[in-house]
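Pasting the structures in now, so scroll down.
Two complexes, one shared chain (chain A), two partners (chain B, chain C).
Let's turn to the complex of A and B:
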């Protein structure tokens, strides 16, 4: 009983350490020049610094597009690595995993040169393209699809010879929860992009996401800005919390 | 609970869209607009140099509202600061003006003009210049 209580206390402290910055941000957003519990900071953010919201929508556009394209493009690749046998499959997948494990800084220069040669630097595509084709999504898809029994797919091939139909009507319905989970993870990752924007769009301040602009906001509204910045991620998490849990419980990661 | 979350999220999203579209307009609506002039007329008397301030810019207690500006995140912001002046009236000069030394107020400063008796601003209050 004592051990259990001790564990509970330790876990509570650890959980509080994670939640503390979020709570602190929200509480501070309700203060303005010494006065507590006022919405003045939000007023200043939305009215006096109203153009900050344009960067919010930049972030929304980038995160939405990156999530949608990643989910669609990575799906057939994940299926390929999980269920289609061909020579060099494991080696190729190994390359994918290695690329996935590389830090962002390692692929920064090749990405930069590629974007420069494609004349895409300082455009919204420069921020989206490198993140749309992420090996992380392919890796997760492979893990999800590998858990689908082969017998089910073999049975389905008796009904149809079309791979697209197979993916659409047999594989996809099995992956509703994992796809939602994957979408949440990709959305959160792309919502929080900072380095990409600073490096690939350094000469186009208008296309920056809110994550970058947050540091340039006046000090007296920065907490309100940070709270607004957290809103989409919190909403996405709250809406898909159950799906996320289901996906993590059901599939091998 | 889940349905409530959806409704709450949708309402908040709608609010953010509305505030994005009309945030600038609301700022103009809630911020008082004033007319302002720059103090660039001077009068020299002997060794002393005086700044000429229109009498219409003086409040009932003989102060002026000086406007300070700073580059805000979205636009140029103007703040009002009330400044009490030790002004003099020179009989030989234009009677529509009062005169203050350059030690009191800098040439080129921006002040609200005209000021009416109902006009009252808190120190540091934001204004829009017409």
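Let's turn to the complex of A and C:
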């Protein structure tokens, strides 16, 4: 019994340590040049640096659009890799996996060349298009669709010959939780975008997401900015905590 | 379900996604590969492996590669130990404390830029400054290790606790009846049972160790951090900024090739595992 209590105490301390940077950020956002508890930083953030919120909405636009498009576009591809047999399927999927695992710096030049040739550099599309086709979404979809029993799909194909109906009314309802988990992951990933913006939009300061602008704000308001920037993620986390956990338990090749 | 008409229809629906993937990843990757074999975009002379020879011979490339390897090796090791220890603790907890697990995977979702200021405060103390001056490379880059472990233990813990709580109870009980306990129980009973998951977690940790650039870049706030923190991602990023596209193209190609080899090996090994052990 004593051992259990000790374990509980140790784990509580460690869990607190993991959350500590968040708490430290919020606590620091409530201070302003010496005074202990004040909303002055937020005032400075919203009014003195009144353009800061514009960048927040840039971030929201990018993260929202990237999440929506990748969720829709990757869905049939996941089905293709999970349930349709064709020649070269495993090889093609292997390519997706390799690209997914590469760090951003390795795909940086290819992405840059393509965006330059399409004359999209320094436009919002440059920040969204590559991420909309992230192989990660395809990878996760394939995993979750593979778990749907074949018999169910076979049976449904007897009823309808429309693939769209099959995906919409048979596959999709099975995937409600995984899709919300996937959406959360992609949203957080694109909300966290930094390098893409610095590189693909270096000459268009107006279209930067707040994640980039935050590091350039005056030092006495960064903690308020940081708190505001993580607020949507904290909300999403609190809402989808369990869904996310359950979906990720099944995360495998 | 596998008749031709059906397949064609699925393919048709896949066109947007496939087109995007080809347009933004596959096709430009080919272009970048071509860049790595020519001297410059104006003359377009095919120079075979000259660029590669130059990159591999470069002092900073070697430094970066060495640092990356050290970081991945030490970092993955530490991360696996931390995640396994935390997971073993968490599964022993009573059900009503399971919500604590989420505290560990919150860092994964948080935008790096939001927490980096807090982390700078944490390391803004004399102990760390002393380490930075006189400590070895491991102590010098301690913040990056801490950030890496902090950010990535969540996924690992979710996967490991799921595996640990699904262990067949009879086997553990039988072992305990035979007097196998503590470390021995772990070494001879638990460990072999969770090896496949551990393997996957290891790969995931390795891949994530290559993706730690954003944290390092924002933490140091510069393109030229201290030598010990200068890794392959900095090398690539800086060559991009200097318009050295050929060097970068080579480095990209090298990274892709190394990863391809590693992943094919993993697939082979994993197939073997899943044949041997079925959980």
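The rule is simple: the second predicted complex is superposed on the first by the 231 of 253 C-alpha atoms of A that agree within 3 Å, B and C clash if a C-alpha of one lies under 4 Å from a C-alpha of the other, contacts with A are read in each partner's own complex, and residues count from 1 in each chain.
Everything that follows uses one rule, which is that contacts are C-beta pairs under 8 Å (C-beta built on N, C-alpha and C of every residue); 3 or more make two chains touch, one makes a residue touch a chain.
The model shown is predicted, which means the values in this text are computed figures rather than measured ones.
**Q** So, A:54: does it touch chain B (first), chain C (second), both, or neither?
**A** After superposition on chain A, A:54 lies in contact with chain B alone.
**Q** More residues of chain A in touch with chain C or with chain B?
**A** Touching more residues of chain A than the other partner does is C.
**Q** Mind working out whether A:235 is in touch with chain B, chain C, both or neither, as first, second, both or neither?
**A** first
**Q** Flag every residue of chain A that touches chain C in the complex, lowest number first.
**A** Going by the criterion above, the answer is residues 4, 7-8, 10-12, 14-16, 18-22, 24-25, 28, 73-74, 76-77, 79-80, 83-86, 94-99, 101-114, 129-130, 132-133, 135, 138, 150, 153-154, 157, 161, 163-164, 167, 184-185, 188, 191-192, 194-195, 199, 211-212, 214-215, 222-223, 226-227, 229-230, 233, 236-237, 241, 244-245, 248-249, 251-253.
**Q** Report the residues of chain B in contact with chain A in the complex, numbered from low to high.
**A** 2, 5-6, 9, 12, 16, 19-20, 23-24, 26-27, 30, 72-74, 77, 126
**Q** Please output the residues of chain A touching chain B within their complex, sorted ascending.
**A** Contact set of chain A toward chain B: 46-54, 56-57, 216-218, 228, 231, 235, 238-239.
**Q** For chain C, which residues are in contact with chain A within the complex?
**A** Against chain A, the touching part of chain C is residues 1-2, 5-7, 9-11, 13-14, 16-18, 20-21, 23-29, 31-32, 35, 86, 89-90, 92-94, 97, 99-119, 121-122, 150, 155, 158-159, 162, 200, 207, 210-211, 213-214, 217-218, 221, 232-233, 236-237, 240, 245, 248-249, 251-252, 255-256, 259-260, 263-264, 267, 270.
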